[in-house]
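Next come two complexes, and both contain chain A; in the first it sits with chain B, in the second with chain C.
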Partner chain A sequence: MSDGASETGRRSVGLTALSVLSVSGFLGIWFAVAQSGLLPKMVLPSPWDVVTAFQHSLYTPFAGATMSQHLVASLGRFLSGFLLAVALGVPTGLLMGWFAPFRYAIAPFFETFRFIAPLAWVPFAALWFGTGIGGPILIVFSGSFAAAVINTFQGARMTDPRLIEACRTLGASPWRLIIDVLLPSATPSIIAGVRIAAALGWQSLIGAELIVASSGVGYLIVQGQGSVETPIVMAGMATIGVVGLLIDWALRLVELSVTRNWRGA
Partner chain B sequence: MNPDRSERPKALMIGGVCVAVVLLGWWVSSLSTDAMRMPSPQAVIEAAQQLATTGYAGGTLLTHVIYSMKLALFGFLVASGSAVVIGLAMGVSRTVEALIGPIIAFIRPIPPLAWIPLAIIWFGLGDGAKIFVIWFTAFVPTLINTYTGVRTIDPTLIAAARVHGAGTRRLLLDVYLPGAAPMIFAGLRVSLQASWMALVAAELIGAFYGLGRVLMTAAQDIFPAMILVAMLAVAASGALMTLVLVQIERLSLPWLRRPR
Partner chain C sequence: MSGIIFSEVTRTFKRDKGGDYVALQPISLQIPDGEFVAIVGPSGCGKTTLLRMVAGLDSPSSGALTVGGREVSGPGPDRAVVFQQFALLPWKTVRENIGFGLKCRGMRAAAIRPLVDHYLTMMQLEAHADAYPHQLSGGMQQRVAIARSFILEPSVLLMDEPFGALDAQTRIEMQEELVKLTKAKPRTVLFITHSVEEATYLADRVVVMAGRPGSILEIVDVASLRRSESWNDRAVEEVMELESFTRIRTRLWRLLRTVDRSADGRKTPQLSIAS
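Up next is the complex of A and B:
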């Protein structure tokens, strides 16, 4: 018995070692190839160049602003578009789940718009709202909205019908039914949808900034591409990845605290 | 979102009325608003005719659609093919998982579209850069689903196949692949839509043909009717490809078909 346990323990240590080896091997090969001079620096800068470019961009403006200023611009657009999508998408999804006529009225439009890639809105976004703040916000919105609606809709339909009947029998008003039964049972699904919406919105924002924007991290990397400054492009990509992870991590904390409250009650 | 059979006529009626009201509202409002901001229905129909017959931005509708679809499908096939193979390997072998998993976790948080500038530096504005970006976009969904599909196969099935003397090859073809197939197809659908989205984005940034190019040219010419036509063409092509994939799924997974 103890033999088997130690064997699986040894195996998992071996697997962890393998994982560490693979990541460090990946970084090592990258570093070695970049150092060897086989590829020019503008094609493959070494990890060290990327770190230096990142530090440099914190103090020296690139493409009109420092990295932190670009990041603030991106986050502002992201938050406006994402919050707008959640504020409109969650009620839409709830109504679609609870009232069939509303669902039938919305469905044809929803099914059409779903297939339009968020970035295909770029020309209209630029035409209607310009390239400053409004245009990118529309694209973040169109990236996030569908995920918020679909998940909320599924959550709204998940309520056990027996619960609803029990509440009605006990004389609950429609309002109490919504607050105490329908909304709580939909909440986990809504929050899952909000997390997906955030990830999609962040992705769409980067795409939008590549095309229509005059600031932001996406703009930074596309400007870096224009002047073939590969280290700054990679530093921007890494920043985008880390911020995306942080957004998801923050929402996961919200998810955990909310679902814990629900279970406790 | 599909209504029950008994509700279907009602759903169609309400949906139809709403679509008609919106179309009418669009027509009425386009009479009074600036044509440079909101194209009228007539202008859209004319733009569609122009794109379909005489062409726009270097080709007719058909050439643009075929060009874009060919690239998207090629990138999708390369990405999903490699993802299924690597996903199967990761699902079957803990060693492969330990080797490849961390690298994927390392690269994954970077949104695929953020690879576009790097792809242009590496491959230029041609097809290579687009296939590279599609690969990054479409790879992960299929990979994760294939891996999860393999891992959720009932272990008793695998043990039973082994006991009856199945070799690695038979085990892969007759147990792992069919067992994971429903999950794989779900991943493929996500990957296909992601490929299409990535391609349109890449074409918006730089391309010589394709629907993204039409969109961008129309935006530069401030030709809102053509923008709308191009958006509709993007949506319709994406829907068509998804529809074909769903049919392929139905045909290749006969054991999951529900009697209608």
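Up next is the complex of A and C:
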């Protein structure tokens, strides 16, 4: 056992090293191309320019606010839209999975709406909410909602019917079945759906801020484009990527702590 | 009237392609209180359907089925089921699984705990009280499932190939365990198995079923021998060497063979309803 563990340990160290190598290789090539002078600085800023722009943006307002203020504005909108999508999407998915009539009533709308890209909502978001917080929330919501519903729905349908029968013979009431059987068996899918919803919502938000906001990381990128400050544009892009990664990691930790004990199921 | 009484019970399933599939021809069978009845028969002979109807998970298409004098209309506290695939809740610990039925009946946690402790000891599961099912061996998981049923003190215990998924060694241990448990507190048991030896060793009566459509071929009495030769006080291997045991086993084998042959002769299409 211990031999096997150290074997896989060694391998995972090797694979991690590979990730580090590929990232540094990427940065190295980027740096080399940017320094070579083949492309104007404006078209491809070097990694160093981006880091400098990022540092600078932490203290000096750009497009009306510092990077951290833009980020806080973005996160606030993201969380509002995302949490709303989860709060409505998870119960919708569960009801669709458990009650066929509800499924048939909801499915036509749902199946159609989920193909409408979040950005297609921009005109109405602007019309209904102006540049207030409502617009971005609507767009994040439209990005997150479908993923939350679909995954929850699939989880709700995945419960082993033998478990339900076994619990019925033990005297479980419908309420007990929901709490102790249906909900726990759907939980891994629900959390997976929440993770996907977070990723899609975060992506949609940035898109929304390009158009209907007066602050936020997406807004910063648009303003950077307007004034041809490409390093700050890239700093904004990198911030989006890293923050998205951190959000996913946080949800991954939640997932592990919930399902740790019954992964064998 | 008490015990389990099947009077002219039939079960017909609708086929997907249309038409009916007769799983059980009219079955009449009386199982008095405290009797251990084993059912053997080829796959698809309707033995699981029979058990599911007693459990209240399925209902007869015609005829009457009563348990303890009352018509079966759904699962009830007087009956408990042990499934072949254990059917434990993977997200609950051994302790929570065993206490689940009591919790469903609205018993308080403080009252449940000592009862669960008692069954943990009886089933030698004390060391695993806080483990999750997937951390246990198959034999231990089935002991949890049995404890979960016994703790409810059901008057009828329904077991659907409970030891079918276990290795030979564990299987024998579990059989001895079950004999001890039912001797300590006699209760009515309906036990489905594919093993002729298991049926002979455990049951007072062995019901041999024929398939397609399901019907009772013969009922073999074991109880008188079991009592006169006191099988219940002997080890499995000792009982299995007795001439009387071998005789019954051989008889059951012959019966099952005739069932298989007649099924071949009839050339009925194989359907996988209710194995």
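Here, the second predicted complex is superposed on the first by the 235 of 265 C-alpha atoms of A that agree within 3 Å, B and C clash if a C-alpha of one lies under 4 Å from a C-alpha of the other, contacts with A are read in each partner's own complex, and residues count from 1 in each chain.
The rule we apply is simple: a residue touches a chain if its C-beta (ideal position, glycine included) is under 8 Å from a C-beta of that chain, and two chains touch if they have at least 3 such contacts.
None of the values given here were measured: they were computed from a predicted structure.
Undergrad: Is A:Val181 contacted by the first partner chain B, the second partner chain C, both or neither?
TA: The second partner, chain C, only.
Undergrad: State whether chain B or chain C is in contact with more residues of chain A in the superposed arrangement.
TA: Comparing chain B with chain C, the partner touching more chain A residues is B.
Undergrad: In the superposed arrangement, does A:Thr230 touch chain B (first), chain C (second), both or neither?
TA: first
Undergrad: May I ask you to decide whether A:Leu170 touches chain B, chain C, both, or neither, giving the answer as first, second, both or neither?
TA: second
Undergrad: Kindly classify A:Pro101 by the partners it touches after superposition: chain B alone (first), chain C alone (second), both, or neither?
TA: In the superposition, A:Pro101 touches chain B alone.
Undergrad: Check whether A:Ile29 is in contact with chain B, with chain C, with both or with neither, and answer first, second, both or neither.
TA: A:Ile29 contacts neither chain B nor chain C.
Undergrad: Classify the contacts of A:Met158 with the two partner chains as first (chain B alone), second (chain C alone), both, or neither.
TA: neither
Undergrad: According to the stated criteria, A:Thr112 is in contact with first (chain B), second (chain C), both, or neither; which is it?
TA: It touches chain B, and chain C stays clear.
Undergrad: Could you say whether A:Trp202 touches chain B, chain C, both of them, or neither, answering first, second, both or neither?
TA: The first partner, chain B, only.
Undergrad: Can you pull the chain A residues that chain B and chain C both touch?
TA: none
Undergrad: Going by the contact rule set out above, which residues of chain B touch chain A in the complex?
TA: That would be residues 1, 3, 7, 10-12, 14-19, 22, 36-37, 94-95, 97-103, 106, 109-118, 120-122, 196-197, 200-201, 204-205, 215-216, 218-219, 222, 224, 227-228, 230-231, 234-236, 238-239, 242 of chain B.
Undergrad: State the interface residues of chain A toward chain B in the complex, per the touch definition above.
TA: 11, 15-16, 18-23, 26, 42-43, 100-101, 103-113, 115-124, 126-128, 153, 202-203, 206-207, 210-211, 218, 221-222, 224-225, 228, 230, 233-234, 236-238, 240-242, 244-245
Undergrad: How about chain A: which of its residues touch chain C in the complex?
TA: Going by the criterion above, the answer is residues 160, 162-163, 165-173, 176, 180-181, 184-185, 187, 261-265.
Undergrad: Hey, which residues of chain C end up touching chain A in the complex?
TA: 55-57, 75, 77, 79-81, 83, 85, 87, 89-92, 100-101, 103-105, 132-135, 148, 152
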